[in-house]
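Chain nomenclature is as follows: A, B, C and D, assigned in order of appearance, with residue numbering initiated at 1 for each chain independently.
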Amino acid sequence: MALKTVKQYYESLKDLRPTAYILGEKVENVHEHPLIKHMVAAVAKTYELENDAEGKKYLVAESDLTGEEVSRFVKFYKSPDDLLAKVRMLKFLAQNIGGCYMRCTGMDAINSVGIEAYNCDQKYGTNYWQRLLDFIHHIQKNDLVVFSGVTDVKGDRALRPSQQKDPDMYLHVVDKNNNGIVVRGAKIHQTGSLCAHWGLIVPTREMREADKDYSVCFAFPSDAEGVIHVYGRGTLEARPLEGCDLGNVEFSKFAPMVIFEDVFIPWERVFLCGEYEFAGEMVRNFGNYHRHSHGGCKCGVGDILIGAAATAADYNGLPNVSHINNKLAEMLKVTEAIYGCSIAASVESTPTPSGIYNVDPVLSNTSKLYEGKELAEVIRMMIEIAGGMVADMPSDRDFNHPEIGPLLHKYLKGVDGVSTEDRVRIFRLIEKLAFESRDIVSNIHGAGSPETHRMTILRNANIEAKKKLAKKLAGIKE
Amino acid sequence: MALKTVKQYYESLKDLRPTAYILGEKVENVHEHPLIKHMVAAVAKTYELENDAEGKKYLVAESDLTGEEVSRFVKFYKSPDDLLAKVRMLKFLAQNIGGCYMRCTGMDAINSVGIEAYNCDQKYGTNYWQRLLDFIHHIQKNDLVVFSGVTDVKGDRALRPSQQKDPDMYLHVVDKNNNGIVVRGAKIHQTGSLCAHWGLIVPTREMREADKDYSVCFAFPSDAEGVIHVYGRGTLEARPLEGCDLGNVEFSKFAPMVIFEDVFIPWERVFLCGEYEFAGEMVRNFGNYHRHSHGGCKCGVGDILIGAAATAADYNGLPNVSHINNKLAEMLKVTEAIYGCSIAASVESTPTPSGIYNVDPVLSNTSKLYEGKELAEVIRMMIEIAGGMVADMPSDRDFNHPEIGPLLHKYLKGVDGVSTEDRVRIFRLIEKLAFESRDIVSNIHGAGSPETHRMTILRNANIEAKKKLAKKLAGIKE
Amino acid sequence: MALKTVKQYYESLKDLRPTAYILGEKVENVHEHPLIKHMVAAVAKTYELENDAEGKKYLVAESDLTGEEVSRFVKFYKSPDDLLAKVRMLKFLAQNIGGCYMRCTGMDAINSVGIEAYNCDQKYGTNYWQRLLDFIHHIQKNDLVVFSGVTDVKGDRALRPSQQKDPDMYLHVVDKNNNGIVVRGAKIHQTGSLCAHWGLIVPTREMREADKDYSVCFAFPSDAEGVIHVYGRGTLEARPLEGCDLGNVEFSKFAPMVIFEDVFIPWERVFLCGEYEFAGEMVRNFGNYHRHSHGGCKCGVGDILIGAAATAADYNGLPNVSHINNKLAEMLKVTEAIYGCSIAASVESTPTPSGIYNVDPVLSNTSKLYEGKELAEVIRMMIEIAGGMVADMPSDRDFNHPEIGPLLHKYLKGVDGVSTEDRVRIFRLIEKLAFESRDIVSNIHGAGSPETHRMTILRNANIEAKKKLAKKLAGIKE
Amino acid sequence: MALKTVKQYYESLKDLRPTAYILGEKVENVHEHPLIKHMVAAVAKTYELENDAEGKKYLVAESDLTGEEVSRFVKFYKSPDDLLAKVRMLKFLAQNIGGCYMRCTGMDAINSVGIEAYNCDQKYGTNYWQRLLDFIHHIQKNDLVVFSGVTDVKGDRALRPSQQKDPDMYLHVVDKNNNGIVVRGAKIHQTGSLCAHWGLIVPTREMREADKDYSVCFAFPSDAEGVIHVYGRGTLEARPLEGCDLGNVEFSKFAPMVIFEDVFIPWERVFLCGEYEFAGEMVRNFGNYHRHSHGGCKCGVGDILIGAAATAADYNGLPNVSHINNKLAEMLKVTEAIYGCSIAASVESTPTPSGIYNVDPVLSNTSKLYEGKELAEVIRMMIEIAGGMVADMPSDRDFNHPEIGPLLHKYLKGVDGVSTEDRVRIFRLIEKLAFESRDIVSNIHGAGSPETHRMTILRNANIEAKKKLAKKLAGIKE
């Protein structure tokens, strides 16, 4: 089968019957729910672009399994060029969607699972790698969406999985038989879980022997029995619920909590089960890959932040103002550094025994650390440039009101030649870019928190070698 | 009459019949509207505290007009101590309300208008000062709320008022007779306009002779004929509309747009009319006062940001973690600097001919510049400490659902000894603190934008004197 | 006796015969040494200003011991106004000296010793407070300079004083008899030790019972037997050694290491000896006072940084350039915040049992934290504004050379109307301001290191109260 | 001829007789002068490493002119890989020299001149490109050092070259004949001019028709008649003058001013003369290349800053302290971003008609902007970690003094197992790294000033395309 069209993607969703709750209600046709459909649209856009002349250059690659054209979202990273192509694809998509397209967690999980599945097979003679290849082959053949489930709810953060009072605070195996395993637990912040056909579960931290049952990795259909998706509230919900004042008129993001109520997983979809020493490396690689993904994505989003700010300045009558240009340059400085470090992390990637390439961890974590710390400042500068009207525009419904509509059109006009409607649209987009909690919090906590990035940088930076260099220059003999 | 009680305040609102539109509908009992009532509650809290033993120390002062006890919100700043007391009052209120109490714009406007009303009288023999005293006397006697209307909609930002294509882009006098004036225009971001009894209009910029008609200052009842309040949308409206997941369970802020459709103002409420050379100084003084107000307020809000972050860390099981402590100290650094500079601006205040004291402009603008630039980082650190759960908690309605409620209570539990409910409450508060657009944008643009603060600092800092000092030390003879 | 004149100060130095080493040589007339005399000149300037009409307002106060006029440098802080006056004095001096005047450590030590001498007497019936009053009376009567010795050399920083392999790594009592005590150890970074008549030793950290012998506080003449001053090298020494290219043409700073080779101290100059529980509070108070001192001083130095940068811009032909103005405003933002927080720490000071006022520790440490972190950025901006010529100007000797002198005057000319000589002078001043290691390192480490400031802020900020406020707003019942 | 050895390099210098002045004296054997020899040693080190097994991988490349092994410092950038190899070479060298090796300006000039020499030939039929190839062939064959002369003294910075009162404020052609041209002017900050065999002059800004005579590019021997090198003073000169307390025991940097007193240049060494429209692009390309060079270099220096700080922490007894680790990670964040952006600027380079590759200007300027703004903070953190002893260590001469030497060895000891001597050495290195004005100012102003980088980023970032993307997402139709 070839690449899916948008239509085929929407049809494929109809075959899924996930258990889903939104704001206290169980929802049937979840993909059409006003709080979900803009997210589905973002994923659908990736299918549209797969079938588009320019988009194809970014999104479609040759499968190293079959030699056929496949979505780059479900392909292994087999060279530095694959990693470069990934960064560029994600930047391109973010420029066109203005936010999350909810498919990169799956891509990064496939690769990080692959490396350790292979390593585990080498050590223990398991056959996880072949199972994973079979799974990927199925995904590629049917051009499916995979989301990854990494973040457990974690309970008391100071305790390890096996030390928690409630043993279910990290997802774990509660039963096993000849056919497969049964798992229980909950994964949170599951970006795009309701837009995906499959999920791929990765342990969320390194494990010790006592945490063996928590060292589990597997794939499952998003509507598997016992899987419950619970919608997590974001900040701007009144808008899609009422169908106006959206900001980004087509796309949005969401991230449900996914609960596993004793879900059965057949052995052929299990890629790690008890070999705890691979859990840590698996999630660390996932983290490094995913920070690398953010590098492309957030530079693309940054282009929208910059473009929106510059447009607002134009509409306010302030093009080419010195201090605004200065801020635009500062915004670019950050977004390009985020991008540049991901490009560099691709160039300096190294092969693993599986043939999958690992990104340079220092550079990919540096990229994410700038995102985590500085992207908030980029957003602040966007607001500073755009002006106070980002705070509290009247609703489109007011603009359409027969009495006050004309007054609003009159009084909220900016520069001559631009309609009030367009001016309000750009303020609404800026509002969405600045205040959608799922995006803003993800800038900080997505792919791990800043402290994790700092520790990863430190662990990989070879400080001892740098000490030696300094001592030599100082004339210290060791 | 004595200080109003909360009950009296609510009753006094019932006598007001403002014309108000919210999300495309004309609203009658506006003070009870779910999108307004939490704002009214914040103002009501100031009345509660006026009548409270501890609160009184901060909120009640002796009137320099009558010697009676009056609300500090409607009193002139007649000494450095008055200015210190103001900063401390605002910090105290912000600590208890967790955000805006919507009364400081009026207080700052009263004083900035007073200085120039007096100066104008000296120059032109007008009697604006006495009119203002009469107005303030009325306000003090009845313990009323005044909001200030400063920010015009401004149209093309590169053009002066008289240069705009549409002459109404800045509020101006369109007619005059023996009884008073008629004004037209629109003021935006009118914090608390629907919680106030009166508004006090201040020109939004310096004016030239051609802008004479725009150089107008007056008071008006918030339900005056021709005055239309249009609700400006914020980010978290789905919550009060549904009555759940509020974050701050009692209080919130809003800032309508207020349109003047040929509103008549009697002469006794006009405090400037055409004397354009006083407009600039009036709004500059307002700006300096209002940046000074932010210094107290945002330090108080900062205490909530810090307290919320520290509570979240406790609930996550991470008390006393080195990097979290480090961030708490950095958060304090910013909020205390904001506060400290406002305290210092009070100490270094100077009297004007009217007897009203002016704050030190360099220090008050420095305070605001830290708010504008660094408070966003404080908020980012709060999110960083609290963790990703700020992004997307399920709704209270899910927690109350018979099927998934128990699962959510189980899986979203943090440290032992703290209920899941309380943990979710603190995440909701953090969400409110981080994502309420009206607050966050006000941190940046309230009381003028950072570029204005920089220019004000520069204009008042006496760079020439500093050059002289440097040259002398360098041995340069002039 | 009245206040000393400059001449009397210089004469008084002639009576001192300190043991001093500079760059490997024992030096006799140390106060005239080219590496010392510019430092002496800075102290002498304080005497000049004591006798100057304007300077007197800042530097001279009424003694609370005798009612006579005394130098504010040797007076107790008996009110918030005394603390305000101190901050303003230090700013004034820094503006006139462009750097360190080497007398504030003594002033801060006198007060911090005073508080605990009094407290110790209350607890143990010692008579330290009276001894200190007698000492201060002597100092005031003779208008003498006191430096404070706080920082021990410390050896292995992870070990307490009594745990060190070499017991002398912190100054301690090695003998005691009826007449006094004998002390051994070394204090480092002793700003102005060779310009002072007396030193006042303060323990450098909190102590436990095992560290009893290290809990010692006393005064000693700077030329006491066994006291050795060793010059610590700074960065720009080739200039004073050759007598050209000084930058600051009159003044400079230095900070020797002072070694105590079994120095005898009579009991009447001992103010703490073994009462270890007062050591910690003594040095913490010293720290808080001294960070408060920096607040005034560094704002004054900041005025020079700003004035020098603005002058360089003028001389380069770039007055009133938008991005330069922006940087000047940013420089002011930092220096005024440093100042403002010290002013506020004075206003919010509180009395101790001794009658001496303690500064607000959160605000004084906030001030210093901005200095430690942001003043480096102010200096960087000064260099950025001034341009690359700060790096590598030819020497005055080249300018005076018959062959290349005229070429240099020709080619290093800036804007018309300013001599090349003056232009070079301002670059030299900037070089001195940016690269004098003793100043720059003191910005970071003077009065303790940033981590200490953060810990002090955190310990004094009452985080628990802030948590309570946040919980209440979130609706959490405790 | 093959690559030069160190010995051959030193011998080759003996044949040069440059006219040089240092601190007011004309100097004969300039390469042995104490203020110059450490700089020569840095260049010599590049020759040593050319002949070293590991160094060769970085420093030696195949000439695209002759196919022979040549120094990468004198080779064209003919592919993205050449640019990657350059960045890695510069990082490697900086790690081994701890600062400037003074050869990258020449390398970058060769390439930027090459691009425009070729373009000019295409437009005007000149033969600059062939002349340049001949010159490079000579340089490669003899393995010579080339420095570039870009920065003119500039006089009044607000005026163009032809507008200056003194026409010599920018280097220009004052005469022309059949054999060549005669030039006059002065170039400042000429890194390594006295270590180089040749100089390559590049115009310092874009030119207009009136500035024709200033649009000149040529090569000249560093000891050509009429060329005068004047030493520019740095901050730490007392150390090499006395031969102790060096910090970096082998290497240093310097940057003389080079004056052209009517210097004759034969036509075969002239690569642009009057074709003013190429001047701007030439220097812009130089700037972009040179910012790209800094990316490798400053990451290597950063490794020394980090290694020195970590060593000082060890020696102080503070290994593995949480807040120090945090700072080390932050230091790495900056230095790796600087590096990463240069790597990315190489990957995204594009070919010019000459076949020489141009770096991505947005990414190379982003790299430099981080250096200009953030490297100062990295250095501040190094000082913060190392502690106050960086400020004022006694001299080695004191340590060697029979009386106080033993006392200093005793009292300045840190952690057990590390000699006092080594501890002092690391503080001295840190002092050198933090306070060598030529390095620190170059971080800010080298390769242009931050404002230039911002403007370059803005000009190349295609803001219009970003506006279009934002408008599309906001639903704005154009």
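Simple rule for what comes next: contacts are C-beta pairs under 8 Å (C-beta built on N, C-alpha and C of every residue); 3 or more make two chains touch, one makes a residue touch a chain.
From a predicted model like this one, the values you see are computed outputs, not experimental measurements.
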Would you pick out the chains that touch chain A and also touch chain B? C, D
From the C-alpha centres, identify the chain that is farthest from chain C. A
Tell me whether chain B and chain C, two copies of the same sequence, contact each other through the same residue numbers or different ones, using over half shared as the line for same. same
Taking each chain's mean CA coordinate, chain C and chain D are separated, in whole Å, by 38
Inter-centroid spacing, chain D versus chain B (mean Cα positions, whole Å): 52
Any idea how many Å lie between the Cα centroids of chain B and chain C? 40
Interface hub residues of chain A, defined as touching at least two other chains: 323, 326
Sites on chain A touched by chain C in the complex: 322-323, 326
Chain A contact footprint on chain B (complex, rising order): 21, 23-26, 151, 153, 155-159, 165-166, 168-169, 186, 188-189, 228, 230-238, 241-242, 245, 254-257, 259, 261, 316-318, 323, 372-373, 376-377, 380, 383-384, 387-398, 400-401, 403-404, 407-408, 410-416, 431, 434-435, 437-438, 440-442, 444-446, 449-451
Touching residues (chain side chain A, partner chain D) in the complex: 84, 95-98, 247-251, 303-304, 306-308, 310-311, 314, 325-326, 328-330, 332-333, 336-337, 339-341, 343-345, 347-348, 362-363, 366-367, 369-370, 422, 425-426, 428-429, 454-455, 457-458, 461, 463, 465-471, 473-476
